[in-house]
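Contents: one structure, followed by commentary.
Each chain carries a letter (A, B, C, D, E and F) given by its place in the written order, and its residues are counted from 1.
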Amino acid sequence: MFYTDYKLQYPVRVETPDPVFARALQQAIGGIEGEIRVAMQYMFQAWGMRGPSKYRDMLLNTAAEELGHIEMLATAVALNLDGAPLELQEAGAQDAAVGSIMGGRNFRQFLSAGLAALPVDSDGVPFDMSHVYASGNIAGDMYANITAEGTGRTLATRLYHMTQDPGMRDMLAYLIARDTMHQNQWKAVIEELEDERPQMPVPNSFPQEQENQDFNYVYLGFTADGAEPPRGRWSDGPSVDGQGATFSIRPMEPLGEVPDLGPARPGTYPQVAQLPEAEEAQ
Amino acid sequence: MFYTDYKLQYPVRVETPDPVFARALQQAIGGIEGEIRVAMQYMFQAWGMRGPSKYRDMLLNTAAEELGHIEMLATAVALNLDGAPLELQEAGAQDAAVGSIMGGRNFRQFLSAGLAALPVDSDGVPFDMSHVYASGNIAGDMYANITAEGTGRTLATRLYHMTQDPGMRDMLAYLIARDTMHQNQWKAVIEELEDERPQMPVPNSFPQEQENQDFNYVYLGFTADGAEPPRGRWSDGPSVDGQGATFSIRPMEPLGEVPDLGPARPGTYPQVAQLPEAEEAQ
Amino acid sequence: MFYTDYKLQYPVRVETPDPVFARALQQAIGGIEGEIRVAMQYMFQAWGMRGPSKYRDMLLNTAAEELGHIEMLATAVALNLDGAPLELQEAGAQDAAVGSIMGGRNFRQFLSAGLAALPVDSDGVPFDMSHVYASGNIAGDMYANITAEGTGRTLATRLYHMTQDPGMRDMLAYLIARDTMHQNQWKAVIEELEDERPQMPVPNSFPQEQENQDFNYVYLGFTADGAEPPRGRWSDGPSVDGQGATFSIRPMEPLGEVPDLGPARPGTYPQVAQLPEAEEAQ
Amino acid sequence: MFYTDYKLQYPVRVETPDPVFARALQQAIGGIEGEIRVAMQYMFQAWGMRGPSKYRDMLLNTAAEELGHIEMLATAVALNLDGAPLELQEAGAQDAAVGSIMGGRNFRQFLSAGLAALPVDSDGVPFDMSHVYASGNIAGDMYANITAEGTGRTLATRLYHMTQDPGMRDMLAYLIARDTMHQNQWKAVIEELEDERPQMPVPNSFPQEQENQDFNYVYLGFTADGAEPPRGRWSDGPSVDGQGATFSIRPMEPLGEVPDLGPARPGTYPQVAQLPEAEEAQ
Amino acid sequence: MFYTDYKLQYPVRVETPDPVFARALQQAIGGIEGEIRVAMQYMFQAWGMRGPSKYRDMLLNTAAEELGHIEMLATAVALNLDGAPLELQEAGAQDAAVGSIMGGRNFRQFLSAGLAALPVDSDGVPFDMSHVYASGNIAGDMYANITAEGTGRTLATRLYHMTQDPGMRDMLAYLIARDTMHQNQWKAVIEELEDERPQMPVPNSFPQEQENQDFNYVYLGFTADGAEPPRGRWSDGPSVDGQGATFSIRPMEPLGEVPDLGPARPGTYPQVAQLPEAEEAQ
Amino acid sequence: MFYTDYKLQYPVRVETPDPVFARALQQAIGGIEGEIRVAMQYMFQAWGMRGPSKYRDMLLNTAAEELGHIEMLATAVALNLDGAPLELQEAGAQDAAVGSIMGGRNFRQFLSAGLAALPVDSDGVPFDMSHVYASGNIAGDMYANITAEGTGRTLATRLYHMTQDPGMRDMLAYLIARDTMHQNQWKAVIEELEDERPQMPVPNSFPQEQENQDFNYVYLGFTADGAEPPRGRWSDGPSVDGQGATFSIRPMEPLGEVPDLGPARPGTYPQVAQLPEAEEAQ
């Protein structure tokens, strides 16, 4: 169950409204690296959590935080749209600067929302919930969360670089800090679990003896001329999953044949040339 | 540049075709945990790779491998559809077993593809390329790849559990093994890079002194009654990112006010009640 | 800013788990009539609210409620999946009943989520945020909210009809009651605003004298034989928007001509036959 | 069955072609507030209409009208693209005005359509049919239609504000007028039905005694500090649905417990830490 | 401008309602091979048609026909849902046949539409308008139309094979006949245009001397071992586009180098290892 | 199985990087006319190919080629982003030219990808795999491929027209040439098959005597006033499918009645007015 107090988690201030930056900020709201995604992802992970219940609470607690981040960014978009021009230039526009601001904007912030934020990315593509990763496997989910926070922090630093507005930079410095903490948080869960046993390969409850033993620790080469692909930490030495295996490297050759699905069945209505000869002759 | 030899990377054999399993297998082709995703993700990461060039080659090499995995799974779907019933039962179906097979299938494998695989997931939702993570930041991308392979291996083990067909289990045991290797592979890149310096928080090139120092290593509580959220590795002790910081924990209070966007502008055509008083009086 | 206490807003109890009902329940989570939609819609309406600020708070307050509804339903899905079969029947399935349960399920609840809810509808289509209506016009938004709660209550009554489980019916009776209140709530906002002036046509701040006066209160007929379309409250008597206009009815005839866009420009590379004659002759 | 006479319903005239406005107009074609949506929505409502048949005809009649509106707007887009520049400026563009026109455009109108309209919104996102609301409940559908026409009219007034072109303003004044009529039309259906009995809460055929009587007319508070949420018409006095109930207000407390889904099942392949202790010990 | 007479273009009759077939029929409504697609495609092609105006009229005329096909199919879905079971079986369902009918259905036809058709495909995926091909090039469009009608007729024959209902087969025999005519119709346009000059390669207005002359009529081999790919009509003899060229065949070798994008720019916030050495040293 | 050698199929060179052109190029990568689509389409057609096996190999061989085209274009995008401005102009931007470049760009190429290509179109819409046409019918698929290559070549010529950069024009001249060959290639398959029998109407294995003989070769008129629609090759003379039929033309009249679905069922919860009278009276 959730509650609100209507207030902002952290101050949101815009000194010089910039409607083009309002378009860029959308990526942090409705982009795949954005805040809607992490809020919903942590919720669904919590709601499907089986096993140690403390992780359910920890996830919900941070999900509540992320809802407040969407709120901050949506407010930032609205403030950046203050005073934005609403009328198109005449053809042969005298004022190219206004034209470039107009053209560089997301029109739907005006047309659909009346100068406010939308749950879309910086290209106007709506966020869709297929990006909510909640696999029922806690380590798999923690890696998904590190990914979300890593791409999220990368995005926030790029937005920080894009603007000179002191208010916006202050807000982004807060969000970047939270992304630092959250990356740590999810990795800390993995470390905590690793006190008991290795967590990789995910899932660690599948008996590894059932996987194909010839191919689980070898870096395979798929070069056209059979040249060895680049060596590195992944081709030599002990495996990095703590399972005590050893990496090797070798070129791959096809182990299967050219598949032959045979002729088509009449009821699928292919062209006659695809039918068995008997059918074709009819 | 890419090449092919028409052959299967690993044998694909189905002893007892099962059209309902043909629907389940779609998740490994066009699901977000599936093979189209990793093939395209590794390609786009390679094509945008700036910096050490060996990673470009390593990524492309494995992308080529993943293309062969899609091919194996698409072949497996086609073979599982051999002999599948094409006609609906009459109402009041005498043969409920056939009815349940018919109803449990993906109709489009017949209607749209003539008994073959589609680039969709097990619910028939087409794969869309927004799931290709290629951020231009190599550590961020490696975590995305660990995530992809971890959810992919989890999926493959669930499919393994779902079927008793020896041919399908043999194929899946191969794919599970490759997912083990690939999880290792991407983690090994991170370890290789960590020989030089810590790789977290991603991106590690943003000066951490520019992020908000009060909030980058504290686990914040958002409980309604101010109760402390669950403690763990993430709330106490040194940070896990190798940056030498220390975790702490505290309840969060709103640092911002209730935002007030003011009245609406006339040109956005709100209801009159939303306009400034002067406008409203007109 | 948002908070949580980890508890359920209302008890969620399942007496007889039914994995097929777990698929049906998805519509109330990730369907367009579902709870993710209203939660996000009320938030975005609040965050973009300009004008009387009390509506911002009222919207956020109810948005917090809706988050708890998603949580209830996600819990209900997980409970309905308890003990669900994970293995496919052999071909020629002896046990057709198990086969029909297996086939009637959403596979991704197992394959992608490990027996938990997904942010998708009952067909497995992910919710996408284009369904969040937040127009910046408060009356337009209130009608969107009545629509959302009306379709939501219709859905909940159909789910109620579909199941006999006492626990599920108890939960749904609560959600249906809340949909009753919320329909009232949004309509009450319109009534409150109508104390001042009519709220229709939306937006009521656009000067009606600028709209085409010949066509704003006439029900036009588009029948092939010019027959009068069905009369009703919309064709006769005073308009229902409180603006004092009078309805009429008449058949429509084309007021424009067949448009002619002329020949194509060479730089768009049409077929030669589409070019101006001079170009074509080259 | 449908017919055409190739002519425009209302004249479409562009005095000064503006390719950036051609992008904005897309919202009225393929946006969620646009004309494709209402045309298809009224059709599907008609085709699924059970009960009084005159509403089927009334809906189809207006659906035919809306098809002509798409046609008008598509023609308007094509005319606004007349003479649009097709070549990019060189880097360091001398002529910034042309650059801003170029950059502010939808490239696909040229690249994909050869200077014509697309069934996409002003951000280039294709219209998808999930926005077609046809619930089989006539009052629910009428509210959806009021919503569609209300957001549609708001959009049209914003487009009107955006342009100074007399031809475009004349066309939009016609469309705005039709949106006025259509809002009235759908509301008139509700009023007609209310001659018999109240139409809210939708659906009015579900026995209200089966909904939870403690929660169907109370405005619940979800404030973090238990403060009363904003009072208004929705918290006091008789309900607005005509059912003779009385509104009240009170803070909500969790009625359910923290849910516990228990340990995970082995066949779902979680991490070992999520398994029951017996399994984990293996 | 469009008109309607409320009647069906061709009789729609269902002798034995089958709710599972109602799911299959959705593919012909909202599938990519379905009738919404062709109706909208022919309209957008007409509305963007530049050059000979008779094709605009011909397209609109057939678009009107296709609207009536959607109507027929939507009616067929509604009739197939007559008497469909609405309640789920209890767990351990005694009546597996009803269970298999229930499970094999599209739940949203009940939950979202109250037993009616939806604008979705047989997997419940909503139609999206990106499938409307209208390129502004008439020959390109005609090939897109042949494709649409060819896949549409293939779908209709498969649906015909799936059902034994005489009413449904009669309706489908009509639709299959129309698909025959429409395939002919679009091909006839190409033949008519070819009276003047070859229509391939599309677009035929781009000067072929500007394309790379070494690669425009050669079938290139991309086999891993350099083996010759399969010969056929495409590798030998005169080109089939009427341009008088000659086919050849040869293995391809890379003409470009391994691309090197160089180090990353600091402002994009990559990992430090990706920065130029000078930056990295800081 | 697939292989790579890391090299480019054809040289990719950019003399004057243009970040706005980098946005336009996206259409050729992730647009529906783009290279991801053809690569995946040819693969899925091959993997589902039943009947003559040489076509499987031919398709896979060309699919490998298309992968290299995506690679070329992705490299071209990255090179066009060299030196692109990353910082927004201050409000009232002194330098409108930079502003127009900034605004005309795809922000996600910077924000999400760190100055690299994305699998999206020129409007930023991600490619989705529903555009992969693989019907199991070889002639249907070949027409889909001609369509793909025809729209692809049209797109490439428009991009060629858009840029003056010699490197980009050289690359595009290669891609245009390959589109010429591929159009020929797929048409050549049809011609090869036509040596045996006509390939239209697709599918040619459905017995034409089962389609409705009154409507399979007649161009029907749907004009509102019954006027004859435009005559042409499609209305007179022998059919163009080689089946020896004769075209005719006639106006269409409705052959079905106004459908009546009757009253709604109580369990679907319509409004009371839609119920049978007996129910309504309750």
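Note that a contact is a pair of C-beta atoms (placed from the backbone, for glycine too) under 8 Å apart; a residue touches a chain by one contact, two chains touch by 3 or more.
All values reported here derive from a predicted model rather than from experimental measurement.
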TODO: Enumerate, in label order, the chains that touch subunit B and subunit D alike.
DONE: A, C, E, F
Task: Same or different residue numbers at the subunit A/subunit D copy interface, by half rule - done: different
TODO: Let me have the rounded angstrom distance from the C-alpha centre of subunit B over to the C-alpha centre of subunit E, please.
DONE: 27
Task: Chain centre separation in whole Å, for subunit D relative to subunit C (CA means) - done: 8
TODO: Identify all positions of subunit D at which a residue touches two or more other chains, and write them in rising order.
DONE: 1-9, 32-33, 48, 50, 56-57, 61, 64-65, 68, 75, 78, 86-87, 96-97, 99-100, 103-104, 110, 112, 114-115, 120, 123-126, 128, 130, 135-137, 139, 151, 154, 157-158, 161, 202-203, 206, 222-224, 252, 254, 258, 261, 264-265, 267-270
Open item on the list: Which category does the touching pattern between chains fall into here: line, ring, star, complete, or other?
Closed with: complete
Task: Of all residues in subunit B, those that touch subunit E in their complex - done: 1-6, 48-53, 56-57, 86-94, 96-97, 99-100, 102-104, 106-108, 110-112, 114, 120, 123-126, 136-139, 193, 196-197, 199, 202-206
Open item on the list: Please output the residues of subunit C touching subunit A within their complex, sorted ascending.
Closed with: 1-9, 30, 36, 40, 43-44, 47-48, 50, 56-57, 60-61, 63-65, 67-68, 70-71, 74-75, 78, 112-120, 126-130, 132, 134-137
Task: Interfacial residue positions of subunit F with respect to subunit D in the complex - done: 16-18, 20-21, 23-24, 27, 31-33, 96-97, 99-101, 103-105, 121-125, 151, 154-155, 158-159, 161-164, 222-225, 227, 252, 254, 258, 260-266, 268-275, 279
- [ ] Report the residues of subunit D in contact with subunit C in the complex, numbered from low to high.
- [x] 1, 3, 5-12, 32-33, 54-55, 57-58, 61-62, 64-65, 68, 72, 75, 78-79, 86-87, 110, 114-115, 125, 128, 130-131, 133, 135-137, 139-140, 143-144, 146-147, 149-151, 153-154, 157, 160, 173-174, 176-181, 183-185, 187-189, 191-192, 200-203, 206, 208, 210-224, 229-230, 232-234, 239-241, 247, 252, 254-259, 261, 264-265, 267-270
Task: Touching residues on subunit A, where the partner in the complex is subunit E - done: 154, 157-158, 161, 224, 267-269
